[in-house]
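Each of the next two complexes has chain A plus one more chain, namely chain B in the first and chain C in the second.
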Partner chain A sequence: MKTLLRYFSLAKYFLKINIQCGLEYPSYLISWLISNPLQFFFGIITVKVIITNFHALEGWSFEQIAFLYGLGIISHGLSVVFFIQTWYIDYMITDGEFDRLMVRPLNVFFQFCFKDFNFVGITDMLPGLVIFIYGCIASGFSFTVINIIKILLVIIGATALRGAIYTISGSLAFWTKRSGILTSVYLTLFTYTTQYPVSIFPRLIQDLLTFILPLAFISYFPSSEFFGIDTGYRFMGSLSVWTFGVGIAFYLLSMTVFKIGLRRYESCGS
Partner chain B sequence: MEQKTTPPVIKAVNLSKEFITKKKESGIKGAVKNLFFAKNTVKKAVDGISFEVQRGEIVGFIGPNGAGKSTTIKMMCGILNPSGGEVWINGLSPKKDRQVIVKDLGVVFGQRSQLYWDLRLGESFELLRRIYEVDKAKYDATMEDLDRILNINDIINTPVRQLSLGQRMRGDLAAAMLHSPALLFLDEPTIGLDVEVKYSICKFIKEINKKYQTTVILTTHDLDDVQALCDRIIIINDGKIVSDSSLEDIIDKTSPERQLIVDLYTDDIQLEHPRAEVVKIEGQRVTLKFRKTEISASELISYISKQYAIRDLSLVETDIDDVIRQIYKQQREPVV
Partner chain C sequence: MNPYLYMTKMKLLLSMNYRFDFFTKLAVQVILLFVTSFFWKAAYRGIDTVQMVNEQQMIIYSVMSIVLASVFTASVESNIRSKVRQGNVAVDYIKPVNVFWMYFAEDIGNMVTNIIQRVAPVLICASFFIVVPKPVSLAHFLLFLTSSCFSFLILWLISALVGLFYFKVIEMGPIGIIKDYLIRLLAGTFVPIWFFPSSVQTVLQFLPFIYTYQLPLSIFIGRTSLNDALWGMLIQILWVLIFFALFVRLKNHVERNILVQGG
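Moving on to the complex of A and B:
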């Protein structure tokens, strides 16, 4: 209990100094504030163009896709805020950063998690939030308590799932010393699978995105539940709870992979 | 009365570390070959070393590049697990109880700063103060002490990335001492520093050692530091300890030559001694070579002064760099 409190207050302090550091470069922050939202607004405009020209996309209306698209970007934004350090594990290894973390009397994974809060990532999240709220209103989404709880579960689960995938692929650097290339592959993959309905892909790929690398849970499945759209997959219980569960399970898995990687580091060094 | 023996701060028994690296061949043909049959080669970075360090000692680890000094330090602070043998810090194994051990440990790697790059130095300190749970009053007292020797207050509001090498090193040393650890590992703490900073760092190490009985393990390539600081020197070469004694003992053992230069009033010099060698005679100046173990300087001087009036003289001590170089060399070409 005492340790928990200690870790909690340290986490708060890490957060504070990270924000402080971020504020030291205001111009950097502003340029992101402009360029990042633009990228996502262009994305949704493209969807609009496609839909007005080809009518509904696999049974999804534009408003519903806006909901899905916005929901996907929110968890993307949050994952960029909380998990950006996972993109640089290879760099941290060659730079000896882990040596630094290991000589501190704190859990290494904790220090790793709280090392960086990239709160500039909020600029990724804001357009998502705007598009999402538009989608909610335009598609007639009802803001009941149950639905709001479900949305929160989805956002937490989806963020954890993204973070877990980053952590696992980043941890590969403990073996290969290199993982930077993978990150951009994942980012592209995430874009295509969380900003459009997964049903546009062939069935085999849908299966992969459901059972192997369950990216369909990030925004596609939960959105389909809210709108009562048939995905062709049957799950027991609420899909929002599934997203939460899958996210947490993957996150625990990623912690294990990180731990094994660190053990490998202890025997090989930087 | 029974004598109370304090356990050693560090005890290493047969400590070893092997690194497995892939042997890579060059060229296109080599690259293809590497892809399929990269040969593993085993590098014994540390090869069965044993030693003990008692509380309050300042021990210098010296040895040529790649000897295994940094690897040994990393094993002692739990960054690397030994591949053989064991090491205990205050009776605990860094592998199992790393978090307990590092609480009372300060580490400085001269090559890599331990400070947080984007923070001001003071913020780095504040963060460390919280991590190590040092209470504010104790912290302020320690800072005052550190400032006196290292002039920390001049740089406390500068972001770490803007500090010069010497300033950063001062910051690093202060950061390592914030929680008043009983044990300090310094891996090349004086690398690339000017004489002034080097002097203040040596002074700092000496003072904390005296004042708090801090045990210090330090590696360096600068033998002046070693001479100024270390009661004991462990020479490592090729992963093995080749010598473990005080600097005087090393000098006595290798018994290197000293030189005596004497200026006389005449240039008609005929000098001979069975235990000293006349190297050269230039005008009124004669240079003699002798070994400490065979004849003392004073004996030699009085011998000369019996034959000639001495105008001036100087004694050239052995260059310790030479002594150490000789030891490194002996190891590479073992005497048959």
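Moving on to the complex of A and C:
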């Protein structure tokens, strides 16, 4: 209990320092505030243009895709806020940065998680929130208590899932010394599997995205549950709860991978 | 050896060294290739032709768009950005060459590498699994190649113009990214402009964006007739001249007072 409290107060302290660091360059923040939302608004304009010309995408209307698109971006933004340090594990390894974390009398994974709280990521999340709320209103989503709890579960699960995949791919650097470039591959994958209905892909890829690398749970499955769209997959219980469960399970897995990797760590920097 | 040729060669050799980089970039490209083709297949389900373009043409369009995007690299802007920040730009000005011709030569080197390393794998992958990106005719293909060269010049000059701003303001954050997003949306790299409302199309006719990607691509798939293609290329040349004039003016202005910071 005492250790838990200590970790909690330390997390608060890390958070405070990180926010102060982020505010150090306000002009930087402002330009991210312009460029990040632009990207997502352009993306949704593209979808709008397509649907006006082609009427629907695999039975999904524009409003429904806006819902799915926004939901996907919210968890993307949150994962950028909380997990950005996983993109640079390889630098931390080759620079010998972990030496510093390991000599401290604290859990390394904990320090690693709270090392970087990148609140610039909120500029990613805001447009997602706007598009999501638009999607909610336009598609007639009912704001009942149950639905709101479900949405929260989905956002937590999806953020954890994204973070877990980043952590696992980043931890590969413990063996390979380089992994940062993989991030661009994952980002591309995440973008296209969470911003459009997964049903545009052939069945084989849908299976992969459901059972192997379960990215379909980030926004596609939960959205299809809310709109009652048949995905062709049957799950026991609510898909929102599934997203939560899958996210947490993957996160625990990523912790294990990180810990195993850390044992292989040799400081190769100077 | 001619100094510019030497810089092109150095850039070529350097980028061959990063093999891991090469494979991940290729992976991203291949993912994009499949995603866009599935996307258009889903959109065209039950529909034959939209805006005079059928599914086959549209998929070829997006395959070639990915090819063009992987060929066109203009690192001049990020080059200037990092060099101004670190003060290395002073070193470049000591060299007995024209600095901007040097940056241009480097980008040509990058482009040649890209043609060898990235275009071939993408084209092979597309031909085997998606569609053979065949031009409508030889004439269309030749016009496509010429038009693409002008496209590159326009993109490079835009990039260089943004780069020149860094001399003035030293650091303005991700302004280059905003430019890239604008080009991605307005040049029809993913969704061609002919799907946009007609008022938007009219406005874009007077902006340089559609002459970077959409023009060569729509020549390739035969949506633009040979006659229109020639007119389009005339407008491309016009934009190259406008941007070049702007570039020269701005460059002369900027070079008169360069601030070197850092060590």
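One rule holds in what follows: the second predicted complex is superposed on the first by the 265 of 270 C-alpha atoms of A that agree within 3 Å, B and C clash if a C-alpha of one lies under 4 Å from a C-alpha of the other, contacts with A are read in each partner's own complex, and residues count from 1 in each chain.
Keep this in mind: a residue touches a chain if its C-beta (ideal position, glycine included) is under 8 Å from a C-beta of that chain, and two chains touch if they have at least 3 such contacts.
Because the structure is predicted, anything quoted here is derived from the model rather than measured.
Taken together in the superposed arrangement on chain A, chain B and chain C fit without clashing. By the touch criterion defined above, A:196 reaches chain C but does not reach chain B. By the touch criterion stated above, A:260 is placed in contact with neither chain B nor chain C. Chain B and chain C, viewed from the C-alpha centre of chain A in the overlaid structures, lie at an angle of 90 degrees when rounded to the nearest 10. In the superposition on chain A, A:6 contacts chain B only, with no contact to chain C.
When the shared chain is aligned, no partner comes close enough to touch A:15: not chain B, not chain C.
Applying the stated contact rule after C-alpha superposition, one finds that A:100 touches chain B and leaves chain C untouched. Shared-chain residue A:38: touches chain C; no touch with chain B. Of the two partner chains, chain C is the only one touched by A:30; chain B is not. Looking at the superposed arrangement, the partner reaching more residues of chain A, out of chain B and chain C, is C. In the superposed model, A:152 lies in contact with neither chain B nor chain C. When the two complexes are laid on top of each other via chain A, the two nearest Cα atoms from chain B and chain C are 11 angstrom apart.
Overlap of the chain B and chain C interfaces on chain A: none, as no residue is touched by both. Remark: chain A residues 27-28, 30-32, 34-35, 38-39, 42, 45-46, 49-50, 52-55, 57-58, 178, 181-182, 184-185, 188-189, 192, 196, 199-202, 205 touch chain C in the complex.
Those residues of chain C whose C-beta lies close enough to touch chain A in the complex are 20-21, 24-25, 27-28, 31-32, 35, 38-39, 41-45, 47, 50-51, 171-175, 177-178, 181, 184-185, 190-191, 195-196. The touching residues of chain A, when paired with chain B in their complex, are 6, 9-10, 13-14, 17, 20-21, 24, 95-96, 98-100, 102-107, 266-269. By the touch criterion stated above, chain B contacts chain A in their complex at residues 19-20, 71, 74, 77-81, 83, 95, 98-100, 102-103, 105, 107, 109, 112, 114, 116, 118-119, 123, 127, 130-133, 159.
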